[in-house]
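Notes follow the structure.
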Amino acid sequence: MIQAWLTQLSQVALVLGLAPLLSGVTRKIRARLLRRRGPSVVQPYRDLLKLIRKETVVAENASWLFRAAPYAIFATTWVAATLVPTFATGLTLSGAADLIVIVALLGTARFLLALAGLDVGTSFGGIGSSREMMFASLAEPAMLMAVFTLSLFAGSTQLSSISTFMLGPNAGLSISIALALIALVIVTIGENARIPVDNPATHLELTMVHEAMILEYSGRHLAVIEAAASLKLLLYLSLIACVFVPWGTAASGAGALAYAIGLGAYAAKLAAFAFFLVLFETAVAKMRVFRVPEFLGVALMLGLLGTILLFVSRVPR
Amino acid sequence: MSVSVGTAALTGLLGIPSLGALFLVAIPNYRVAAPLNVTLCALTLVSAASLYSHRPEPSLYLLVDDVNTVFLIVGALVGFTTSVFSAGYIAHELQTRRLRLRDLRFYHAMYQLLMFAMNLALVSNNIGLMWVAIELATLTTVVMVGIYRTSAALEAAWKYFILGSVGIALALFGTILVYLAAEERLGQGIKAMAWDHLAASSAGFDPALLNLSFVFLLLGYGTKVGLVPVHAWLPDAHAEGPTPISAVLSGLLLNVALFALLRFKMIMAGNSAVISPGPMMVTMGLVSLVFAGFMIYRRRDIKRMFAYSSIEHMGIITLAFGLGGPVANFAGLLQMTMHSLTKSGIFFGVGYICQLEGTQKIADIRGLTHSQPLLGWLLVVSVIAIAGLPPFGIFTSEFLLVTSTFARAPWLAILLVAGLMIAFSALMVRLHGMAFGATDKHYSLAAYRLAPMALHLTLVAIAGVYLPAAVVAWFRHVASLLG
Amino acid sequence: MSPLDSDIAHLLAGSMVLVSFLLLYQDRMFALLNFFAIHACVLACSVGWQAYMQRAPHLFITALIALLFKGVIIPVALHRIVVRLGIHRTIENVVNIGPTMLFGIALVGLSIVVMLPVTQSEGAFVREDLAFALSVVLLGFLMMVTRRNAVSQVIGFMSLENGLVLAASGARGMPLVVEISVGFSVLIAFFVVGIFLFRIRERFDTVDLQALDMSRGE
Amino acid sequence: MSLASPYCLSQLAASGVGLLFALAPIGIFVARRPLGSRLTYAACMLICSGLAGVALIALLTPGPRIASIEIPVGLPLGRTLLGFDPLSAAFAVIINVTSAIISGYAIGYGAHAREPLRIVPFYPAFIAGMNLVLLAQDAFSFLVGWEFMSLASWALVVSEHNSAENRRAALVYLIMATGGALALLLAFGLLAGPEGGYAFDQIRRAASSGVGSIVMILALVGAGSKAGLVPLHAWLPLAHPAAPSHVSALMSGVMTKVAVYGFVRLVFDLSGPPLWWWSIPVLLAAGITALLGVLYALMEHDLKRLLAYHTVENIGIIFIGLGLSLAFKAGGLGSAAALALVAAIFHVFNHSLFKSLLFLGSGAVLNATGERDMEHMGGLIHRMPVTAVAFLAGCIAISALPPFNGFVSEWLTFQAILLSPQLPQWVPRLLVPAIGATLACSAALAAACFVKAFGMTFLGRPRSSVATTAHETDRWSRAAMLVFAALCLLAGVLPGFVIDSISPVTQMVVGSRLTPQSALPWFRIIPINSARSAYDGLLLFVMILVATAATALIVRRFASHALRRSPAWDCGFRDASPATQYTAGSFAQPIRRVFGSVVFRAREHVTMPKPGDTAVAKLRLEFHDTVWEALYLPVIHVFEATTDRLNKLQFLTIRNYLTLVFSALVLLLIIVGTLR
């Protein structure tokens, strides 16, 4: 019992600790691919600390919502990230929520973020919120359709169950799963403000989305929001890892060795995904805003196609 | 005892209005004449009501049975309340000089004469006598419609007169044919025109003659009922005459003509070889309903609009009776009673509206619920009642009619519902314009003058919620008689 | 009754149909009035014959009314009205004479067809008589429909009503025939007086009903 | 006889409804004084609370269910039966709880009415009508209640009759409501059969699925039009906003639920065992409704109309659940049917809570600013803090975001959708995932829509002078909104109790129920089995709270406490006027570009003056209500054309009329001659 809770707590801490590192790693890889030296991989930690120590400037007409939102966004994202199996499945709290809940929790965070973007009443905040919600209106269903495919495939919406099923003998190769994977990847790119959709590194560009929303934030609020953003990226990569490459993940209560293996495997998967993600990012160019819906629409269509193909190809259980 | 009371009541029913007419024609002062008119109507109502429990012996000329008592009591009631309304109404007409004192003398006499004619038509056992009575009723209303002597009123009266005369002629031909059919069986003479004998022995009549007769009777009396396509006199007569007469026309005269039709339908029902009159009545009823619905929508004159609504309802009632069977007949009877009360109530309201606003044009009437709230809301509620929404009696009857029709003839029910829908929408479009909207006018109208309208509405509402068991039993019995 | 009796009744009824046809194509006012007088006289004869045949003296009253009122008074009154209104030249026909006549013949055919199934227990008498009466009614109606002028419409209506009286008198032993014929006379009087009143009050320049219709209420 | 006996409960409920009816005429006399109207609303609140209590007892008491009482009024040829069975009791709880709170709001809000006489008497009548529909155990009283509900709400819609727009709304509403009621009338006619068995138990006994199919279609039309299913929704976005806000809340939050009840009653309960294809029209209509409803809402800048369109969307979600349940029931999958039905009724409950809350909030805003147009609002969070909090809770709940209640019912619906591979027929099996996709889309769009609604109304800077001078609403209103917000959260974190309360309904209607949920650890809900799916709202809520608290504590512990207020930075564009903010229109623009160009044929026409020209640049938006134009306008045109043509018959000459009579005569003679 206590051990289970400890494992759970370690997961809670792990995602929190690892998230900035993941950002650091992606930036580093990106820099290298662009033949720059790039900052150290721990630079995000330094940034966060720096921001936290800075004076916070809040717009005069900002309401309580503006100040409370970062914490709520961070907390929801954190909870969602905690619920995704990383190195082990079947953790204590994982029964509290399934994949749909995780998608919805991210939705809550996005909702609050969009509101925060509107709170000060600037044109940039509005642009960001408006476009974010437009992207989400396609990305979220796309993700849900991918979730549907997986759930129907595995007969469950619980991530642990899906992961276990994927490891098991019943999971074969299926075109639906491939479609779901592609859809999920596209959603990951779209939702985390990665390159063809958004550029996390720019300001003052009319096409920016995420950065526009948090333009008014500074100091500790900004730190919390940045942390939440990196947690979100971690969450998505963990999700893909847990479902599509479940190998090495420890079963619940499997013992310290298994956990250690799981941890190692998890780290390796993350690193690999980060590499591929950045590779893709460096290879493509930023899209115009109104091309993005088409991009995300593809994900939605693929997700739906995956689900329907599943209905056609599989005997219902 | 009961029989002699019944005879007295019957005598009163016919004697009071006929003698009253003679008196009234002699009284020049309308301040005396109007109350007298009310009193006479009240006495007639008492006579009619006492017929409910006391029936006189049937004779070859007169007959009081369960069927016509319904019509008699409803008619006498509406006649009474209308006379109350009329007393207030004509005073205003006199003030505005639309009518002169001499006209009023004539008007009151004619009013009583009309009551007499209608009562006579209802209690007559002789189909010839009935015909004469209905002709008399037509003629009296013709002159009443023309009483304003405006060109429009004269035109309406003229139209009514010509179409009515043709209708009367057709009905007479039908009556002669019925006599001919009966004469072989019942022998020559008065017996072959007595309705109770006809109904009892119609099984042996020549079906071909009966068929032919019903065509003429349907068109002839149908003209009086206002069935499409022989309805043309009705809207104009309602619109151009004095409003009390519109109320009496809609609430009474149409019923009387329908009653005549029903009497003949009952004769037909006794003979199995005839073409069933049902489909003919159903078709005409349906056509009237749908057509009137469309016409309501285009009306610009408030009284004409409600006249078309009367056509619509007569269509529904004819359809119900044409359909037959205990439920549909019950629904038809209920609808007829409720329509009489509601529509005459509406005309009371319309009368005041036209007097207050000084116009009959719908477009010029707006915001009534603001300018005269009581009158406005009474109108709204009445129109809701006439449109067949609960908690009013017409909803009950339409509920019964539609549900029973759908189980028997689904397509018919769908057409019926479509017709109801059209009429409803049209009425509501016009009602909205009149009852609501911004206006800064305020009218004063003593509340007691709206009492007849409120009374009718209350009765209809009560009937919609709770119909006493005695009435239900009575109506069921009548419905079973109607076949 | 003898076959001759019914043959005469038959002949009279048939001649009423014939006169109805003659009425139908008259296009002059005075001729129309004259033919109507003839129509009424034939009716009077027919009713009188029925009265004699059925031994029903009250029918003589009806015959008398037909003769005096419709055969004399009304035509004379209408004659004066026509003169006063100045419409004694021609009658406007709405439909051409030819089709009207054809239609009239079709109507007579229709009346015979609908009367055919009537049982013949009483002999041909009632049935044929009724068919003729119905024809007269329908032809009168047709006249009302095809004529525009109020005076000719009145005549149409009266010929229609003559058909009714013919039928009523043919129905043996029918009560109230006299009352009915009186009632109709009242109606017709109304009719004529109505036309006259409109003229006198000068509310309408013409008794042409089409013009009268112009003042409708909406 | 105990107080909880079904018979006694039915009597209590019937007398409650009677009291409400009696309150209506009383309202006429007392409405003139503010105290009178307050007391009337208070009485409504009390009676509704009582009714809710009675219904809850009726719902949760095991034992013989239907104990109708017969009352001596009503249909002359039938019997009037009133009483609760689990289905009606469940809906009665929902509508009376909501109505009670709304009445509480009205105690304060109703005092602002300009013409209380046009509102106060109809308000109790409206609630009474809805309750009568639920209590009715026979067709006649059902329809009387139904029409009464329409009529009373129509009167309330037309209460502000001076605006032509409202009059039109009321008219369209009344006509469509009556059309729907006539469809139901036909349905009952078919069910009652030629013998006229109007009582529900008679109908159930005589049920044959031969007529069931037509009844289902008629119910879909009749109840669907009342509920607002596309394309029969046209009246809804007109009428709901036109009424005073507490009435809008009743109409959107409560009345549409009565319509759902009508559908469930007719299709699930009365028309016998379903056929497999019944679910298809329901699901199709529901999917289209969900998607179109939210898209319409997104295009709308009128706050109340936005909410009304959102009701359309939610009705779509509810009907998705109902359609699924129908499909499962027809396929013999009892527990899946129960799950889908639970999802639907749960959503009914949820929607009645948050939609009422949102309408009440919009009422508070309307009262404070006199504006319904969001383009004139902004920054109200500062001046109306309590309203803002409650409204925000409503927004989160309606956007189906955890931990609020809207999410739970949507989650349950998704779970039901995921069971669809078990269906025996191909068509629904392929249709259901597509419906799932529309549901997902509409949920995401709803979130966008409510970001817009809340953001434009409460956040940002005031866009008009009225928004700067707005004031917080009165105590009663605030309390009512907070109660709603609390209930939304409560139903979201403790869904097990709600599900268990719905179980008697599923037991009655689809013959199966979910396993008891409320006894599970941590109040978790596990609709099928724990390996498949589970949701723990309470735990999640606690986790979020703990995580938020932890973050806040950590930041507070380590971070700099320095905080400075300064003008907004906005990338350096200082002191811009509030007009430079994003507006509701600009917020929706991306979504309009993506979806609207197809669905609404939306086009933007930009007139840009040449450089140097000082003329104003203009943006004109072309926008089509496709459903109205494709379905309603043609009907109206045909109607107009027909009346035009027929109207000539009013102006014929007498001779023409005679010709009509003559032709009728000849025609009938020919018929008689040929028929023999």
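Order of writing sets the labels: A, B, C and D. Residues in every chain begin at 1.
Methods note: a contact is a pair of C-beta atoms (placed from the backbone, for glycine too) under 8 Å apart; a residue touches a chain by one contact, two chains touch by 3 or more.
This is a predicted model, so every value here is computed, not measured.
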{"item": "Chain occupying the middle, per Cα centroid", "value": "D"}
{"item": "Furthest chain, CA centroid comparison against chain A", "value": "C"}
{"item": "Between chain B and chain A, distance of the C-alpha-averaged centres to the nearest whole Å", "value": "78"}
{"item": "Inter-centroid spacing, chain C versus chain A (mean Cα positions, whole Å)", "value": "99"}
{"item": "Chain B and chain C: spacing of chain centres that average the CA atoms, whole Å", "value": "31"}
{"item": "Geometric centre distance via CA averages, chain D-chain A, whole Å", "value": "35"}
{"item": "Where chain C touches two or more other chains at once, by residue number", "value": "114, 117, 141, 144, 153, 212-213, 216, 218"}
{"item": "Residues of chain B engaged with two or more neighbouring chains", "value": "158, 162, 166, 208, 212"}
{"item": "Contacts with 2+ other chains: residues of chain D", "value": "650, 652, 654, 658, 665, 669, 672, 676"}
{"item": "Pairs of chains in contact (touch as defined earlier), listed by label", "value": "A-D, B-C, B-D, C-D"}
{"item": "Touching residues (chain side chain B, partner chain D) in the complex", "value": "158-159, 162-163, 166-167, 170, 208, 211-212, 215-216, 218-219, 223, 229-230, 232-233, 235, 275, 280, 291, 294-295, 297-298, 327, 330, 334, 367, 369-370, 373, 384, 387, 389-391, 395-396, 399-400, 402-408, 410, 413-414, 417, 420-422, 424-425, 428-429, 432, 436-438, 465-467, 472, 475-476"}
{"item": "Chain B - residues contacting chain C, complex", "value": "126, 128-129, 131-132, 135, 139, 142, 151-152, 154-156, 158, 161-162, 165-166, 168-169, 172-173, 176-177, 179-180, 183-184, 187-190, 192-193, 206, 208-209, 212, 236, 239-240, 299-301, 304"}
{"item": "Chain B-touching residues of chain D, taken from the complex the two chains share", "value": "72-77, 117-118, 139-140, 143-144, 147-148, 150-151, 158, 161-162, 164, 167, 170-171, 174-175, 178-179, 182-183, 185-186, 188-190, 192-194, 196, 198, 639, 642-644, 646-647, 649-650, 652, 654, 657-658, 660-661, 663-665, 668-669, 672, 675-676"}
{"item": "Chain D - residues contacting chain A, complex", "value": "378-379, 381-382, 388, 392, 396, 399-402, 407, 411, 414-415, 417-418, 420-423, 429-430, 433-434, 436-437, 440-441, 443-445, 447-448, 450-452, 454-456, 459-461, 522, 524, 530-536, 539-540, 543-545, 547-548, 550-552, 555, 558-560, 562-571, 573, 576, 578, 580-582, 586-591, 593-594"}
{"item": "Chain C-facing residues of chain D, complex", "value": "650-655, 658-659, 662, 665-666, 669-670, 672-673, 676"}
